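Okay, so subunit A shows up in both of these, paired with subunit B first and subunit C after.
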Partner chain A sequence: MRGSSRTDHRRGRLLWIGLAAPGAIWLLVLFVLPFYAMLSVAGGGINAFFQTSVPIWNPLHWSTANLSMVWSNIVGSGAFIGPAMLRTLIYTGIAALLSLAIAYPVAYFVSRYAGRRKALYLVLLIAPFWVSYMMRMLAWIDLLQQGGFFNKALSSVGLPGNTDWLGGKSVTVILGLVYGYIPYLILVLYAGLDRIDGSLLDAARDLGLSRWRTFWRVTVPLSKPTIIAGTFITVLPMIGDYYTNQLMSAAPGTTMIGNVIEGQLEAAGQTGQGAVLSLMLLIVLLIPMIYYVISTARASREYA
Partner chain B sequence: MHPREGWSEGGIRRRPEPDEGDAISRRQLLGAGAGVALGALLAGCGSSGGTGGTGGAGGGAGGATSSSGAASMSGGIPLARPNTPVKWPIYSSNKPIASGLKPEQNATLQIYNWVAYINEAVIKNFCKKYNCKYQLTTFNTMSEAMAKLGTGQLKFDVFIPTIDVLGPLVESKLIRPLNQSYIPNIANAWPDYRNPFYDQGWQYTTPYSIYTTGMAWRKDKVNLAPSWNMPWEGAKYKGKVALLDDYREGISLALLRDGKLDLNTTDPAQIQAAGSALAQLSSVNIRIDNNDYTDVPTGKTWIHHAWSGDMAASYQYLPKGTPIDVLGYWTPPDKKAPVNNDLMVNLTGGANPVLAHLFINYMLDVHNAIENYTYVGYMQPLTAVTAPRLIKEKLLPPQLSSTVVLPSYFREGLLELELPESANLAWEDTWNKFSKGL
Partner chain C sequence: MASVIGEPVSAPAAGAVIERRRRPLGNPWRRPWGLEGFTVLYIAWSILPIAVAVLFSFNKGASQATWQGFSTKWYVGGWIQSVANNPELHQAVIQTLRLAGLTTVICVPIGVAFAIGIDRWRGRTSGGLNIVMIFSFVIPELLLAVALFMLVTQLLTFIALGTTAEVAGLVVWNLSWPAIIVRARLVTIGKTYEEAAADLGASQLGAIRRVLMPMLMPAIFASTVLVFASTIDDFVIVEQVSSTAATQPMSVLIYSNVHGGLQGPALNALATIMLFFSLVVAVIGYVAYRWMTRGERKAGATEALTSIAGM
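And now, the complex of A and B:
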């Protein structure tokens, strides 16, 4: 009896390893290898003949030339990357808060009050994905023009309707980021909120909590991991985004880190610096990621 | 240094008909690669080893000279300049093909070109005539193209490079000297192209597109006399002023505004002064993009640093009801404007050298060149392609005749050529600080 259960167990384990293999290979080929290639470019040199980057594959021979070049552009006297980094933090911070403020009520409504129309609302939420991100952003150019619908709508309700939204304004970039990534956040929040056991809320009400206090004391704490996950899913692409910015503003005064990296990748002989900057960004983004993993692990232990 | 820099595939496949109102199609381009740069692929060719280059550019070997404008040796490859022309060597291991060969049969002609920079209808006609197939492969930046060609793995026949990469192409034997007997249509090109300073005796190249840089503006919105100073005078037009996203063009604009005519300067003081001049533009909330051809007609931008070939196509993006008269393109009448042209070359890696020669010849045919123009917007320097002709054939509205480049521009205009490495770094650095740092 015990023997056969052990072989079952072993067979089960082999099965799971087999099932995990494609994913693991996928990760290895499409994440680990490119990541290593990026390191090799960052630590590599330049082909002086063609001004193209030459990756160095042996870590022992990596050079720090690109790193020190980037570093001097971040903190040195003529630094221009530092301000772009700061701007990126501020823009994505505001955009994330704004997204949350808009997305949470929407997701809450759909999960708790949509009733039989839940499917319809979900379809409507997913609908933006049917249109390519680029097209959705391009549509804003026409809407935001000086004689465009947005300005007309503003002036029809008595607000100043001649704002040049596309003239290099920070607010346009931030709103563009919010618009572009908010569907992801709503979907994640919806999935999390929908999973909250309704009987917990009933219990809270039975024990005398008001609707408001039930929300604050039960729903919000239970949805905390979802909020964190959703925020990451939206903030990570926002931080690296360059196209929204290029389209909505294109002014030097609104440059974000993604634009700097893009510029370096297109400049002859600066690919290595672009790789360094991308890696720096990755390391910075890893910190909240690790926090997320720890906090969800802790949360699942608490609720287990 | 190229209008197609950073264009992505999936953009325009053809130009919209004038009444189609299809402005979005060009906008789809991920255009506007920031920072940009293909300029100095050549700069500082430390590894080239030996002085392969002969000819007029015999200057001080190795390293940049600081005297601006003078052709100098950079690690062995001469920097071609109008006043110090270069005649490239013909290597014994890389000779032209023999005369009188038959075109390859059952062949696939491989063309390597910028995105949206050739009319495929013209290639199809060529293939009908010579009974071949073709494959068009595109690149977004000259650095990308050179990196891929440098691997030696690609089998392309025809390539459309910029002038500044000619040195590395010749010295690495990536391109084959032309057998001129296959290319009688060179007679259609401006006479200068039979002996251009960058390739004396046109041993390796024929010209492709030529274009000027200037200022585009909305005559109905902007009340300024056109000049290089327009962006700096644009305080009234805050948010409506844009520069081209290109380090060579951007810094050249500031140099020209201050009357500096050496657009290949290596003088740090001049480059720095140009950077400071650009920095003043933050007061007009300057934007940086390459959408001159859509943003001026649609009114998103009123003053745009622009390329002639883009503006030649711009009227097709005017919203319904807006007359063509509102569009203006200015380039200085004294011809002191940036002028650049591209090249057609035969790559050694390709399997069809004869077809490649015939194709290069085919593109120099006046009829084919004009058919190509209807799609690309950039003209080829052929004597018969003139403003009156393009206007008469209704391919260009008379209001935009200033976009047509005259033969004298090639002689008297200001070419943006390859810089020595240290100077190129200074140019790139100055531009980065302006375009990304304000």
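And now, the complex of A and C:
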């Protein structure tokens, strides 16, 4: 009896391993291994004749040539990567704060006060999620072009209506980032705010707190983990974004780190530097990513 | 501060409190018009630009800003710049659907199996794999795309740039949808049903097939909708590992033509077609999800809406 249950157990274990195997192999070969390839390219050299990168597969032989070249472009004279890094920080910082300032009231309203119209509001909030990113950018390009509606609207109220909004304006890039990623933030915030137990808010009100103070003393502290998770979910892709910037400006004056990496991959002989820069970005982003992974794992353990 | 609730409790005030709390929706306070106005403004800002872009795909002229009369010539016109007649444009439509179909068919089954396997096979290896999976969910897509490009051009060169590499990359990028959603559902289901099935004589595989799978169906379905829709929308991975123009889906074509190249309402028409596909998937997803969860306690319009959006 006992032996058979042990073989059952072992067979069960094999079944679980078998079920997990295809996904696990896919993840290891196409998610983990690619970063080894990236390391090998970053630590590799260049074929001087073809201007192609020559990866070095043995970690013991990795060279720092690409690293030092990237480093001189970050801090050296005429460096262009350093400013792009700073710009990335500023743009995503402003965009994240703006997104939060817009998304929180909206998510709060729909989760708490929408009443019978909740489903309708939710449909409208989720709608952009189902519209492709490229189309949403294209829509703004249509509006912001020189003869476009936005300039027409400006001139109709007496303001100068011939601004080239798409010609390298930081405002336009930040607007593009906010517009692009805010639907995800709103959904995360909505899900979090919707889970807050209404009776806690009733209790605060019954104990004499005004609506405003209930919001600040109860709702905001309870939604703090959601705010953090939502901010990560929007900031991480914003930092790696190059296409929004390219579509909204395409000017060197607004270059972000993603554009630098993208440019290096396209330029002859700079693939190795692109790999170094990608790895640097990855290392910086590991901190928020690990935080997110740990908090997710903890949340799922609490459910269990 | 001088609200009724804040005053010393006298009998009628207490009655009023109870009366208010009994109202549905837990909303005993006046409607916050300021917040509602803000929400409406946000929604207008988020949707009107798209509506304008769709409108101009039906423009008679070549402008994206001046309305010159209604026409469907950018879709089916008998000239080279319509989606139907421009080989590049309709090739992109076909490639998008091909990638979405292939990715979904591969990604969802292995993702669901992965979730079940990881959840039941408790150990250090499964814990590690789970963490790798969550990392694949939060990593910026550009970093994965660049790494994938280096993998298929330098190491695993048998994976050809183009459709093969695109599907391989899209599967790994989307694997976390079914894995996370199904796993969350498994955690709420618990082990009791499987144990009951085992007590009644079902084999382990039988219990999964006959008991667990039906209960997981809504989660599997929601993740199918998400994988399909996010593959239609995908840009970064596909752009990095596509090869010739024939392997470029709609998103890449729109991106590379916005500044120069094919211009005018044909791009809007292409984007509108993408929008149409996504909306069809969303509506099918919503209706089917409501149908699948019809007997459940938690089921409702809002739950279905958030589920098919991955929340």
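Following the convention adopted for this analysis, the second predicted complex is superposed on the first by the 248 of 304 C-alpha atoms of A that agree within 3 Å, B and C clash if a C-alpha of one lies under 4 Å from a C-alpha of the other, contacts with A are read in each partner's own complex, and residues count from 1 in each chain.
As a convention for this text, contacts are C-beta pairs under 8 Å (C-beta built on N, C-alpha and C of every residue); 3 or more make two chains touch, one makes a residue touch a chain.
Because the structure is a prediction, the values reported are computed rather than measured.
In the overlay built on the shared chain, the residue A:L187 is in contact with subunit C alone; subunit B does not reach it.
Of the two partner chains placed by the overlay, subunit B and subunit C both lie in contact with A:Q145. Look at A:M134: by the touch rule set out above, it reaches both subunit B and subunit C. Contacts of A:N259 after superposition on the shared chain: subunit B is touched, whereas subunit C is not.
After overlaying the two complexes on the shared chain, residue contacts for A:A250 are found with subunit B and with subunit C alike.
By the touch criterion defined above, A:A153 reaches neither subunit B nor subunit C. In the superposition on chain A, contact is made by A:G115 with subunit C only, not with subunit B. Between subunit B and subunit C, C contacts the larger number of subunit A residues.
In the superposed model, A:N47 makes contact with subunit B only, not with subunit C. Contact with subunit C, but none with subunit B, is seen for A:I102 once the two complexes are overlaid on the shared chain. In the superposition on chain A, the residues of subunit A contacting both subunit B and subunit C are 53, 134-135, 138, 141, 145, 147, 242-243, 246, 250, 262.
Residues 8, 11-13, 15-24, 26-38, 40-41, 53, 55, 57, 102, 105-106, 108-110, 112-113, 115-116, 118-119, 121-143, 145, 147-149, 152, 179, 182-183, 187-188, 190-191, 198-199, 201-202, 205-206, 208, 210-211, 232-233, 236-237, 239-243, 246-247, 250, 258, 261-262, 265, 271, 274-275, 278, 281-282, 285, 289, 292-293, 296-297, 300, 303-304 of subunit A are the ones that touch subunit C when the two sit in their complex.
Every residue of subunit C that touches subunit A in the complex is listed here, in rising order: 1, 3, 5-6, 17, 21, 25-29, 31-32, 35-36, 38-39, 42-43, 46-47, 49-50, 52-53, 56, 63-66, 110-111, 113-114, 116-118, 120-121, 126, 129-136, 138-144, 146-151, 154-156, 168-169, 171-172, 175, 179, 183-184, 187-188, 204-205, 229, 232-233, 235-236, 240, 250-251, 254-255, 258-259, 267-268, 271-272, 274-275, 278-279, 281-282, 301-302, 305-306, 309-311. Listing the residues of subunit A that touch subunit B in their complex gives 47-53, 73, 78-81, 83-84, 134-135, 138, 141, 145-147, 164, 166-169, 242-243, 246, 249-253, 255, 259-260, 262-264, 266-270. Contacts from subunit B toward subunit A in the complex involve residues 5-6, 24, 27-28, 30, 32-48, 75, 141-143, 146-147, 150, 168, 172, 238-240, 242, 245, 247, 282, 285-289, 298-300, 421, 424-425, 428-429, 432-438.
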